[in-house]
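Scroll down for the structure; my scribbles are underneath it.
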């Protein structure tokens, strides 16, 4: 069967699987953001927490992805839940690290002005520090999303579905069409997300350049 | 409204080094400008930051009006003290209006009042409210940013204004311009202003009084004219520079030195509001020792000598 | 089968796979360092080359390893040759990037000062540029190394022997001992490599600072 015939005959299937793949990735990154952002802020506020949290998340990030999925099985079995947990764990580092460095590298003058104007700790955090750190946090988010789209491909191994289903079946039955039908959407989504989020990041950064007289 | 600021025997010592500020006593009358001046490390910034409690004194007390600053809740204290720093410190992610609105918002003003106040302040510092309100700081020139900085510090009508090297990053021409504007704003708002600078000329231009600090001690605290006339020691004269007497002439107006006599016919005229420095230069330029003052009176070169020797 | 029984039965197999993993890793990393540093230096020296290579690098960087692996099958087949492209791409990129940005981060005034003191171009390179760039390059090597340990586990799919083989076996048969031993050893390997290179990075940057 030619590639064209193959694609047209399986079109709805490919779209559905891609959509599921994207949803898994975004769900995982969303959760990672929900957990990682407060953790990054915690690291900013407390030095002891920073050492503990940053070491832990970077240790997790070091573990090869395949091994991480494997280690989920004895803990959570197979299916969507362990797959998402693995991707969340892996996505924590870029989110936490970038939140932390974004907050740590702010212009100390601006922070002092905020204090001098009588802002409290939380007002300062929400009105000055987090908005200013946003481009850096966003860059972490971009890395997390691109990583997650790639990593969810492996989630098919623990029966969570996604485009990995097509790729691995393709490899085992030596069907080049199937491999392509799985790989190309992953590639398009990863590169597309990278491009779009980079664009958004630049727009965010433009309004936050520190004005120097 | 303005409040008097008073230091009573204030010392600040950081562990392991000689006191940054050593037994400082000093009063800044309500509505006047004090310039704190001295070389870097002399304790001038530390002195200023103790007023809004960015730094807490080791001993002694600081009074704002009739209240000790240490008795006031720190956030409330800071919200009633305007604060301007060298890097302007405008928040780049907020528009000009949002920057100005920060303290009024913290104080919970209604929106209509904040908007009205913002426009009023922009007009006060010489910026058109309509064109500047919704611009971001990065699209403003250095001088404009500095004006917005001053407007922001004045937003909640604070009785006291602290300025830390406020014009240090501006080029010399813009700096003089913005200094003049600050003085004209001050004539309208009459705040108690404490301004830290390492630039003696700036201190002399802006201060009603100038306090010179060296290694945490106050060396001299007087009106600019008196400091220029009688520098207390070699350190102060070094800070003032060799042209201190010319600077002195630049701080005194013709009106305050003229003699009440009719001028001889044909004498060149000078404005009453001109400085003695301008009068002196005019005399050198024209080769005359006498000038007629517009509106009556005469200025002789002897009058300049009288002023410079006090 | 219990862990003890599994290890008792397959200990030589475990050691063989670990050895394969380490050998493959060492060869790939060595090649990546040589190529990455060379390309990174070239990109820094010749602007035009950089403009050509940098966008490609950015795209490849965002490309998932498993997709690279899958897409290279028709060209290189399966087995060790099929693993070459993902190993090459994912190993070289961080080193290339860091080498180029390391050179770009050197203050030109420092080089000027060195020349002004009468250093020859070679002396400038070895006494000024290399010490400044080294910590950044080593940071790139660390990222590459951790990535390579991970990519090598994935090559088990196309029949390359490594610790990944045990993980896959464990997953497909739901057999815990090989799964956990494979996953545990790869994790341990990655963490150790990361830790060692991090130490090296700190050592190199201490000399500069």
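Chains: A, B and C, in written order; residue numbering restarts at 1 for each.
Note that a contact is a pair of C-beta atoms (placed from the backbone, for glycine too) under 8 Å apart; a residue touches a chain by one contact, two chains touch by 3 or more.
What you see is a predicted model; the values in this text were computed from it and never measured.
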item	value
Number of steps on the shortest touching-chain route linking subunit B and subunit C	2
Remotest chain, subunit A as reference, centres from CA atoms	B
Closest chain to global C-alpha mean, per-chain Cα centroids	A
Inter-chain centre distance, subunit B versus subunit C - centres from mean C-alpha coordinates, in Å	60
CA centroid of subunit A to CA centroid of subunit C, Å	21
Mean-CA-position distance for subunit B and subunit A (Å)	52
Residues within subunit B bordering two or more other chains	none
Where subunit A touches two or more other chains at once, by residue number	none
For subunit C, residues contacting two or more additional chains	none
Residue ranges of subunit A touching subunit B (in the complex, touch as defined)	107, 109-110, 112-120, 123, 127-128, 131-132, 134, 207-213
Subunit A residues touching subunit C - in the complex, by the definition given at the top	59, 62-71, 73-74, 146, 149-151, 153-154, 157-158, 164, 167-168, 170-171, 176, 179-180, 182-183, 186-187, 190-191, 194
Contact set on subunit C toward subunit A in their complex	58-59, 62-67, 70-71, 73-74, 78, 146, 149-150, 153-154, 157-158, 164, 167-168, 170-171, 174, 176, 179-180, 182-184, 186-187, 190-191, 194
Footprint of subunit A on subunit B - complex, ascending	52, 54, 74-79, 81, 83, 85-93, 102-103, 106, 136-138, 140-143, 145-146, 162, 169-170
